[in-house]
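We call the chains A, B, C and D, going by the order they appear; numbering starts again at 1 in every chain.
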């Protein structure tokens, strides 16, 4: 039965290849060619996906912060905020994006998930195009979170390649205390 | 290029179907047929995977705790500890497993990752069988973490099915505050 | 100079004794005489204070959750939400309290901090009465956070005493894995 | 009764003034006059105290990391590790300090708590000198955690003063997203 589950994941991963390549490329370029800070946020399992992405950005040498970490600073002009929300309307993510917009700082907001309210307020929106799926296999946001995890690892791969960063280099930055 | 990346993930997901079904079934049975507490642990990205799993266990109605959470209690006789470590020898995971073994409580230890030192001390070990892979695509533990994320979601699916828990039920337990 | 700092803390601790005893007693009674779940929340350093409080509630045997933990469930009728905000108007705390109020569940909301917008929406409000203080010693919310930390430990003491729970009992619940 | 509790805290705060001033001054100087990264760690409530300290170090402009945060990098020559352990022998703190010592990097280790095993391996040890206390008021590590919280805020005050950093400056760095 686990085999059926994996087949179902593969089915949806294949569809992920039809993702809007342009929006992915924009995000990669935003991150690669800036000296700005990169903030990430998400609630629940989307938050864990965001934290996993943040750690890899740090490994690549970026100043990345998951919102809520002890050392997360203020966001300001030129910074990037990447928010992950499968539904596109997670309450505290909506509120955070509204706050950034209201404060008038020049932040590039990137959203990943169903377009919803959050996507409409974002500068770059990456829709993972889930479409129809079998809810027995993937209750709640499960399928989205799996695809987002893999997509963001793919974006790390694109950044690593574009900036020609070796795995050795990444390892040297890896926290060696735990 | 993201398409190539996804193809590579699919390649390894297919191999995941050859996983030792028996050890997966043991873990599902341990969790399903016990009233014990389930503790999870992992460092770095494996830790985020563990937290995502913990949240789904809570949605299914289990008493699950990621070690280090404010409300994580003591572990005792009959409890389950699920540790995630790609290398099978993450320093603080090794130390935690040793501590449990030394204290002589009757804890079922389940490890997920390369067998290594941790697997040897575990009651149930689930090896995700990564084998050879292209390190350009998957630096550090990336491939393992992706497969572990999907495997654990698959285990949630098996538990949900075995215990006949509806998605509605899971949603009712979902934290509605953020 | 650290001596001067400590003297200044003592000065404000003495004022803390004039706290509205009635509201503190209400919170103690709410927690002591209910079988409900207790949720805590706060942002930044107030959040760490809330987590420290949550851990002690667990040691006393309560079902306590810091909002955002992997195992934090949904809040429902009869539950208690304790929010900590020095200013009384922390953005995401305001939003959380509004959400609870809008959803119409019968949650007892307890706020700790300056009254502000949050206090006005709460069922029980505990003002730590900071008044004037030397901002050189206590930048930002420092003084509030120190007083809140000690006040909440005092509330733990009152609960422990009221319910006649021994330190041994608390220790037995303490997470023994790290 | 809360009044009695506060009186008891004040009693011990007064004793805190007899702390070894020299070791506190060493820590302040280490942090103030270096360009190094500052890592903090602690388990349970000591960990929340460490996170509250880390946030203030960031507000002062330092590169500070609580070990386990998504963006926590590797520790290296010239860096500082501040560990908090009331007992001086918290398992994972002992292991972390041993790991740093074994790897031979030139890290300045600062411990706060009872001397114990951890203090013996540290370069600077700050003992909060708790001595005798009433365990009814302060179960487990409660008193230590309160004193450590205030001591570390005092150290922030000393740093802020020494480096002449304004509160305005600190506020500008404060995370404005939650």
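In this section, a residue touches a chain if its C-beta (ideal position, glycine included) is under 8 Å from a C-beta of that chain, and two chains touch if they have at least 3 such contacts.
What you are looking at is a predicted structure, and each value in this text was computed from that prediction instead of being measured.
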| item | value |
| --- | --- |
| Between B-D and B-C, the pair joined by more C-beta contacts | B-C |
| Between chain B and chain A, distance of the C-alpha-averaged centres to the nearest whole Å | 22 |
| Euclidean distance of C-alpha centroids - chain B vs chain D, Å | 33 |
| Residues of chain D touching at least two other chains | 43, 51-52, 55, 68, 91-92, 96, 99, 174-175, 178 |
| Arrangement of touching chains [line / ring / star / complete / other] | complete |
| Touch list for chain A against partner chain C, complex | 43, 47, 68, 91-92, 95-96, 99 |
| Chain B partner contacts - residues on chain A that touch it in the complex | 1-3, 5-7, 9-10, 13-14, 16-17, 19, 21, 24, 43-45, 48-49, 51-52, 55-56, 59, 90-92, 135-140, 142, 145-146, 149-151, 153-158, 160-161, 167, 170-171, 174-175, 178 |
| Residues on chain A engaged by chain D in the complex (per definition of touch) | 39, 41, 51-52, 54-55, 57-58, 63-75, 81, 96, 99-100, 103, 172-178 |
